[in-house]
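Next come two complexes, and both contain chain A; in the first it sits with chain B, in the second with chain C.
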Partner chain A sequence: MRAPLLIIALLLAAAVLPPIFASGYQLFQLTLVAAYAVAILGLNLVTGFNGQVSLGHGAFFAVGSYVTAILMDRWDVPYWATLPPAALICAALGFLIGLPALRLGGLYLALTTLALAAATPQILKYRLLESWTGGVQGIVILKPDAPFGLKLSGDAWLYLFTLAVATLLFALTANLVRGRIGRAMIAIRDQPLAAEAMGIDLAMFKTRTFAVSAMLTGVAGSLAAVAIGFVSPDSFSAALSITFFVGMVVGGGASIAGAVFGAAFIQFVPNIADQVSKSAPGAVYGVILIACIFLLPQGVAGLLRHTKRA
Partner chain B sequence: MRFGGIVALDDISFDVGHREICGLIGPNGSGKTTLFNCISGFYRFPRGDIVLDGVSLAGMPRHRIAGLGIGRTFQNVALFRSMSVRDNLLVGAHHLGRTGFIANALRAGGVRTEARTAAERCGELLALLDLNEVAGTVVAALPFGTQKRVELARALMGGPRLLLLDEPAGGLNHEEVAALGELIRRIRAHFALSVLLVEHHMNLVMSVSDKVVALEFGRKIADGTPAEVRAEPEVIRAYLGDGGND
Partner chain C sequence: MDGLLHQIFSGIATGGIYAAVALALVMIYQSTHHVNFAQGEMAMFSTFIALTLIQAGLSYWLAFVATVAISFVLGALIQRVLLHPLANAPVLASVGVFIGLMLILNALAGWLFGTTLKTFPSPFGAGPAMGGYVSRHELGSTSVTLLVLISVWAFFRFTRLGLAMRAAAFNPASSRLVGIPVARMLALGWGLAAAIGAVAGMMVAPVVFLDPNMMAGVLLYAFAGALLGGITSPLGAVIGGFLVGIIENLAGAYVVGTELKLAVALVIIVAVLVLKPSGLFGRTVTSRV
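Entry: the complex of A and B
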């Protein structure tokens, strides 16, 4: 299941090339793909690996974005230094939401997290928080330039920065799931009673997995906020959570690499749909999505696994 | 132990000695699996106690039971379906591991040592239970009899002192049942553990057990050596009343 290191090294080498030839806007899009990949990776950890269905991960993405925006806007914290606090806050939030999730499970958990996603824009607009969140207006943040006098455009630098953070997070997560901890996560999803009989502490694992998952998606939100240079409540509607869910399914549940394909899908397929039909892009998107699910029932990652075996 | 109006276990008391194989028999619905579930902590029993080497299991969190040295298999097989045979076994060693989320994410030194120890044990058990050929196969694709063997191997991965086997002969033919009897004795000798064996195959129970306990409607109706239990009028009646067996 794990891609050999050589392939990963080649892909990474290819991934650092775009700044040479791509336009600023293309680099911006690729930056978002890297951020979304981390967001989907987080969702996949809790839903794909651990079996706790979340339709509300957009909320963690929003919190990560706002932590970064507020720290940069009010305290002039450099963008890179906002990532650790965003990670910690989102992990704590994920842990807290993981507690009631223990009792809900299944479809009820899915609905509850969806409600969280639906409430997110309203919470962000809430008047008492307005002095921090900027209310409906949101917060504009300055796009950083390349540091150390590097001769790179801001877009190129941000792309490389985001790529580096994403690569690190992917490596850590891949380590996490390939051993004892990852097997316990999957065991809980497959057969919780037997997992307990093997000595796995369900409550501990589920809440920690939720926390790590929220942390990843929150950091993804931070990265995206820096790239976009702007946060506002309406960018974090429930549709965002559903989009992440779509990305996870298309990429392949319980797959690390699948998150990258899922991210590319949610970033580019809406644009493609828009080019195919200006009048009904939603319908085209839906058709492409359904086709993907029919042709690749186990996601893109599942397809790659099969071709490797054949 | 009761479920609504059904008294599933009532005033049962018996001991399993060190390195002893204890057969647990009884007609369908007599409470054998319920007893296992009480030992595993899946059911909370309102009265009485279960004690392992001086430690009471009453109110013990379920995930602590494996750490006390109790391993089990399930009557209807409860494997991790999407995982390979090898990974199922490795989960069986979960409670022997100590490394947490952060150590694993960083792949710290302890993680590798732990993984190596578990892999060695896994290799031994795959060989012992003749599972080498299917080690990489996803368990859902295996026949029922093989799945039962995987469960047995998984239970042994945790290094139990007491092994609970719930109808391990389910889905096996006559020769396989005989081989299973041999295997259970070998496992007891090799791992120096005690076994509590639930089975409907009378020949198997009677030939491998040092001691047999018979249940009916949640009550103990007999215990003693296989010969004693077999001769007990209550047991004969319960089994004849049940339509006979074997």
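Entry: the complex of A and C
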């Protein structure tokens, strides 16, 4: 199941190349793909591996984005230093949301997180928070330049920075999933009773997984905020959470590599579909989502695994 | 005092809508343990069908009956085509299908009927009733939803078919042994849920205006209502729906204002999960080890 290191090294080498030939806008798109990949990785950890459906990861993406934007805007914190606080705050928030919602089995987490996702734009716009969040207007942040006098454009530097952070998080998550903790996650998903009998504290374990998952998605939000240079409440509607969910299923649940396919899917497919009609992206998402569940239950990543074996 | 009474009465009117959608959710939950995230979009789509029929020249009540019938058939069809094959699939698959259905219906409605806000007629008129505490539409729509809720209860309580459906939901294996076509009962339950949702959609549309995102908020409040009343209890879901309507209206008027209305649903859901996860009227689920 483990992809050979050689393939991973080759893919990484290929991923470093785009700054040589791609335009600024293409690099920006690829930066977003890397950020979305981390967001979907976070969702995949709790939903794919641990089997607890979340429909509100856009909320953690929003919180990560806003932590970064507020720290950069009000306290002139450098962009890279905003990632750890964003990670901590999102992990704490994930823990607090998970605690009541994951005590019981079933779909309570999905309901709670969907409500959270729907309430997020309203909370961000709320009057009393306006001096922090900038209300409806949002916050504009400055795009950082390449440090150390490197001869790189801002876009190229941000792409490489995001790629490096994403690679680190992917490596850590892959490691986590391969070990004892990963086995416990999968056991909880497939056989909760047996897992409990083996001495796993289900509620606590699910809640901690959810916290780690929220942390990953929050860092992804930070990365995206720096790349876009702007945060506003309406870019974090419930639709964003649904988009992550679609990306996760299409890329492949319970697959580390699947998160990358899912991210590329949600970044590029709506642009293509948008040219057909304004309603098309939603319909395309819906049709592909249902088609995946019936035809490709393991997503794109599963399809690749099968073709390799055949 | 008058203001407070007014808020409570209009809370009951919106609560009736939430109660109907919550009942539709609980019916599907009881028989399949699925939470139908597309319930709201199905109701929205039905309401667009009603508007199309009315614009084609049908009288309101004729369009109403036709819409309920069409929704029933569509709901049963969705169950047969999309959900039936996934009966034993993991929970992620069913949630995925519901989300996909939600996206498709939303996009399809925008494409077929347009995304602009549309007015939807009320058969009861707009003037005041009951000494000005409620509008005529609020009184009318509350009566209609109550009528629907009572007839659903009577159907399950007093008819053979209702009994068979309850049996199929309660214990599918034993029901199959005594000759109840369980699969058909599930499709019937879906049709019924879609029909109830259609009524809720037609009753709420004159208030919130009709557009493809009309039911997003309603669905969240219905979730909150179903959890508050107890997701295992249809009667609880109905009472929970009414309570959520009142809480939402009072909180909107006196506590948080309209800007944070959706956060109220979140707070109710979290509060129920913290304080009484089985809801006010639900039974505590015990699993056999």
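The rule is simple: the second predicted complex is superposed on the first by the 286 of 310 C-alpha atoms of A that agree within 3 Å, B and C clash if a C-alpha of one lies under 4 Å from a C-alpha of the other, contacts with A are read in each partner's own complex, and residues count from 1 in each chain.
We adopt the following convention: a residue touches a chain if its C-beta (ideal position, glycine included) is under 8 Å from a C-beta of that chain, and two chains touch if they have at least 3 such contacts.
Because the structure is a prediction, the values reported are computed rather than measured.
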Comparing the two partners chain B and chain C, which touches a greater set of residues in chain A: C
Partner chain(s) touched by A:Ala166 [first = chain B, second = chain C, both, neither]: neither
Partner chain(s) touched by A:Ile141 [first = chain B, second = chain C, both, neither]: neither
First (chain B), second (chain C), both or neither touched by A:Leu114: second
Contacts of A:Leu83 with chain B and chain C, given as first, second, both or neither: neither
Chain B versus chain C as contact partner of A:Gln191, first or second or both or neither: first
Contacts of A:Ile293 with chain B and chain C, given as first, second, both or neither: second
Partner chain(s) touched by A:Leu202 [first = chain B, second = chain C, both, neither]: first
Contacts of A:Ile181 with chain B and chain C, given as first, second, both or neither: first
Which superposed partner A:Phe245 touches (first chain B, second chain C, both, neither): second
Chain A positions touched by chain B in one structure and by chain C in the second: 193, 197
Residues on chain C engaged by chain A in the complex (per definition of touch): 33, 35, 37, 82, 85-86, 89-93, 95-97, 99-108, 110-111, 115, 216-217, 220, 223-224, 227, 259-263, 265-266, 269-270, 273-274, 277, 285, 287, 289
Interface residues, chain A side, partner chain B - complex: 172-173, 175-176, 179-184, 186-187, 189-191, 193-202, 208, 212, 254
Residue ranges of chain A in contact with chain C within the complex: 47-48, 51, 53, 55, 97, 100-101, 103-104, 106-108, 110-112, 114-116, 118-119, 122-123, 125-127, 193, 197, 238, 242, 245-246, 249, 253, 277-283, 285-287, 289-290, 292-294, 297
For the chain B and chain A complex, residues of the former touching the latter: 40-42, 61-67, 72, 74, 78-83, 87, 90-92, 94-95, 97, 99-101, 104-107, 111, 114-115, 118, 154, 158
